[in-house]
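In what follows, subunit A forms one complex with subunit B and a second complex with subunit C.
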Partner chain A sequence: MLYLELLVQGLIQGSLYAMIAVGLTLVYGMLRILHIAHAGLFTLGGYLAVTVMNATGSLGAAALAAMASAALAGMAIYRLAYQPILDKPPFVALVASIGLYIALEEVFRLVFGPYGLAFAQPPLQTPVAALGLSLKAGELAMAATALIAMAGLYAFANHTRLGTAWRATVDEPQIAESFGVNPVRVRYLVFLIGSALAGLAGLFVAVLSNQVEPTMGAVPSYKALAIIVLGGLGDVRGSLVAALALGVVEAFGTIYLGDVLDRDALAFAFMIAVLMLRPQGLLGGR
Partner chain B sequence: MGAYELSLFTVIGINVILALSLNLISGYCGQISLGHAAFYGIGAYAAALAGKAGLPFAACVVLAMVVAGSLGALVGGISLRVRHDFLAITTMGVGFLFLGVVRSSDWLGGELGISQIPAAGFDKPMYLVLVLACAALVAAFSVYIKRSWMGAAFDAIADDEDTAGVLGIDVARNKIVAFAIGTALAGLAGALYAYYTRFIGLDSFGFVTSISVLSMVVIGGIGSVWGVVGATVLLTLMPELFRFINDYKLLVYGGLLFAVMRFAPGGLAALIGGGLTRLRRA
Partner chain C sequence: MMLKRLLPAAAVLLALAGAGAHAADPIKIGFMAPLTGAGASDGNSAKIGAEIAVEEINRAGGIAGRPLELVVYDDQANPAQAVPIANKLIGQDQVVAAVSGSYSAPTRAAAGVYQEAKVPFISAYALHPDITKTGDYVFRTALMGEAQGRAGAKLVGELLGKKKVVLITLQNDFGQALAAGFKSAAQRFGVEIVGEYEYSIKDRQFGPLVAKVASDKPDAVYASGLFFTAGPLVGQLRSGGVQATIIGQEGYDSEQFLKIAGAAAEGVIITTALDRDSSSPVTQRFIADFAKKAGFQPDMVGASANTAVSVLAAALKEAGPDDRARLRDAIGKVEIPAAVGAIAFTPEREARKAVQVQVVKNGAWHHYAVIDDAELLKP
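Coming up: the complex of A and B.
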């Protein structure tokens, strides 16, 4: 019973990681940039969700606000920050992104105050009995949303013209361009989808902990970086597997290895161990 | 010189050593590390524990360098297995692993840190002179390495590992040596820090520290000794200079980091170097 509970908790946590990591891995796959500022979009989503929810009382409006704001901010970051430095060495974009994230965190602190916000009436708190376990409605909603989002993404990438153009641009940017694909539009699309998902993840974290604070993006974003590396950098399927695996490893690890390492260190110990055995990531070939 | 200036300059000296130590790994040898603070921390903890066990100051410093350098060589071994962005994230993981291990080890002080580290046996002005002398030595050593045969090998590896290997450069050995030297010097900075504050806690060795050290290197102009020294002095002084806008200090810091990368990706060295060339031409 304990095993089942840990497994389910791990998968739920993993679905959150997956929603954050997908955007990172999409951006990396397309631009080879480690997009640290992605965590800022996640925080932005959380803040706007709480603010809009408290103002309107509608969870739908909150979700829309979280996704739209994060998507817009993500596309703005691409246009204003990354596009001009794409031809520079990789550490340039990395450090620029870190600087941007620090600045974003500070903007949240200055605009919304240092102590964070909470819902006036937290939504999705009803306990639900499933598989003999008691879960919060929010946890189930998060896992379901992640599942739907990933399925939608898969269908989009494989069964639409735009999705085909997108995959072509990731694989062979120059050839795709000569076939009439506009690479800049595809990049906007990647930032739109990835950032909207991060915003949505921000909403769910806000719901589950009933708290948003300026630094809430830090730990999930470090872990999302570990996840996309585990997944093989840029490999979406690999990242999904890695996200779920990390969630489960953390759930079991905190119970059985909690005395030796804390939860965060455990995640990175797992990452380093896997990378030593499979430097190309969990699913990577070669 | 008042107590305030004394401590400010001491911190600058320690930061210069730390930034130059990362410059050896990331600047010369091209291996971006996001976990350098771990080795700074390892040096500080080694020196603090040895000092409390009764070892003299000089022995503690040497021990800190040896411990940090050996663990650094181990991480250098990792860099043979994973490259580029994979390596950057792996070293970030090493940083978090260090924090996690210290946090759950009572003999390392856990969350509380280590206090009552014995005095180094110098008064404050003397200690400042010692730190600045060490910083000058490290800077001279950096210049020496850059001009040596090994510096050329590092440079080749930073440019293109595979080609360097084809040219007969022992890539694996050079990378491990770069990590060992760089992390040993970070250990030196850590030991000097531990004996300066005489109290150490995890807060000083986290991801934020790793990032700020990398910022000093990158803003200075990756690989350039005087650029890195200049940027370190500037970035250490900056929070003090911006004290009057205390609330916006970090915002300015983050914004500056971003702006330098966005508009002058070569850092201070390229910015000033380019300016001089243009002046000479005019």
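Coming up: the complex of A and C.
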């Protein structure tokens, strides 16, 4: 029974990691930039969700605010921070991204205060009893949202013209461009989708812990990196599998290996172990 | 040539003029706290608590007619910042003494600098044992972690009569000292530890831990944490179906904990430093002043920083600001009613005071008990 509960908790946590990591892996796949500032968009989504929810009482409005603010900020980061340095070596963008993330943390602290925020009336707190497990409505909602978002993303990439253009740009940018695909439009699209998902993840974390803090992006920022490395850099499907696997490893690890390794060390131990056996990532075939 | 000869004379004149102004010059007290970064919330509370103490002393005429001045620096909870700050406060600002409103790591790093320079230094709420062991110029106005842990065991086993306990420990100096103290006294109060887990200060999602605790079926959970980890932990324990009494410590002690944990906070009991229902006029005045200045309810951190500055002021009144060795001796002899209740020091320069036990009732902290067992609480 405990094992089932730990497995479910691991998958729930993994679905959160997936929502954050997908944007990171999309950006890496397209631009070869390790987009650390992505975690700042996750924080932004959380803050906007709590602020809008407390002001309006509407969870729908909160979700919209979280996604829209993160998406706009994500596209702005591309336009203002990354586009001017795309022809520089990759570490330039990495340094810019880390700097941007640290600056964002301090902006949140200045704007929203150092104490963090909490929902006045936390939404989705109803306990749900299923299969003898005690879960919270928010946990189920997060897992379901992640599932729907990933399915939607898959359908979009494979069954729409824009999706085809996008995949073409990732695989063969020059050829795609010669076929009339506008690569800049596709890049904005990638930042829009990835950032909106990160914003939504921020909302769910706010719901589950009923708090947002300036530094809440710090752990996701590097854990998502471990995930995209595990998934085979730039491989969306691989990242999803890696996110869920890491969630489950952490769930069991915190209980049974907690004395030896803490949760974050576990993520990297898992990453190193997998890379030793499969340097191409969990699903990679190269 | 003429000018060159005149210069030293002018300097002497200036120095004399300076000495003349001496009486009205403020007495400077150094203060460091994390005002940016992850510890900024505690740093902000500590700063407000310290400022309230300074304002109150100055309203009452200062120290022998001279006002107190707090010289504040942001250490970002970083030991690498704390050392240059200590050097700056001593060398450039020429403070007579200093207070740390910061955590253990920076406080420990700074303590060595103050000891070396023979400048009295008070740790308001940083609990690492080595801080006061640095030397005879370093004091602490909070109870050490182990003493608080032992008080927690007494609270659980004797006052509450709960025997099966799960220990959830924050992986840092603070959490580990509490756990060590709790375990050392558990047997004495008939407490059996049926499960023991650790978590990192960065964790906010406790799903797997909650599932395991629920399966342990304890009577009580002794969980160390700070408000930003304890809030989500308590909320998730309750929504995960754990109904056992939750015992926390002074890290929970803030208004923000109540906001984060919401309804789940009801009935949580903590060992801390600030009694909201205290009959002491000093404590009540602090609570009112803090709420007015800060715009939110006071916390343990604010009360501790306030106490540290008050202790220093009381010693300054006794010994004056000119001889730091005398000031040090006077701090050791201070016995005053402060925001955290009556406080004095042991020969090890640790606080001698009672543990305040508070419970959450109707969404606010209230008096539950006082643990004042000198044998149990000695450092």
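Methods note: the second predicted complex is superposed on the first by the 286 of 286 C-alpha atoms of A that agree within 3 Å, B and C clash if a C-alpha of one lies under 4 Å from a C-alpha of the other, contacts with A are read in each partner's own complex, and residues count from 1 in each chain.
Just so it is clear, a contact is a pair of C-beta atoms (placed from the backbone, for glycine too) under 8 Å apart; a residue touches a chain by one contact, two chains touch by 3 or more.
Quick caveat: nothing in here was measured; it's all calculated off a predicted structure.
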| item | value |
| --- | --- |
| Touching partner for A:S134 - first (subunit B), second (subunit C), both, neither | second |
| Touched partner set for A:T215, first subunit B, second subunit C, both or neither | second |
| Partner chain in contact with A:P84 - subunit B first, subunit C second, else both or neither | first |
| First, second, both or neither for A:D259, with subunit B first and subunit C second | both |
| Subunit B versus subunit C as contact partner of A:L225, first or second or both or neither | first |
| Partner chain(s) touched by A:E177 [first = subunit B, second = subunit C, both, neither] | neither |
| Contacts of A:E106 with subunit B and subunit C, given as first, second, both or neither | both |
| Subunit C-contacting residues of subunit A that also contact subunit B | 106, 259, 262, 264 |
| Of subunit C, residues touching subunit A in the complex | 36-38, 40-41, 43-44, 171, 197-200, 202-205, 207-209, 211-212, 214-215, 228, 231-232, 235-236, 239-241, 256, 259-262, 296 |
| For the subunit A and subunit B complex, residues of the former touching the latter | 28, 32, 34, 81, 84-85, 88-96, 98-107, 110, 222, 225-226, 229, 233, 259-262, 264-269, 271-272, 275-276, 279 |
| Residue ranges of subunit A in contact with subunit C within the complex | 1-2, 5-6, 9-10, 12-13, 16, 106, 109, 114-116, 118, 122, 125, 127, 134, 136, 139, 205, 208-211, 213-216, 218-219, 250-252, 254-255, 258-259, 262-264 |
| Touching residues (chain side subunit B, partner subunit A) in the complex | 26, 32, 78, 81-82, 84-86, 88-90, 92-94, 96-97, 99-101, 103-104, 207, 211, 214-215, 218, 222, 247-248, 250-251, 253-262, 265 |
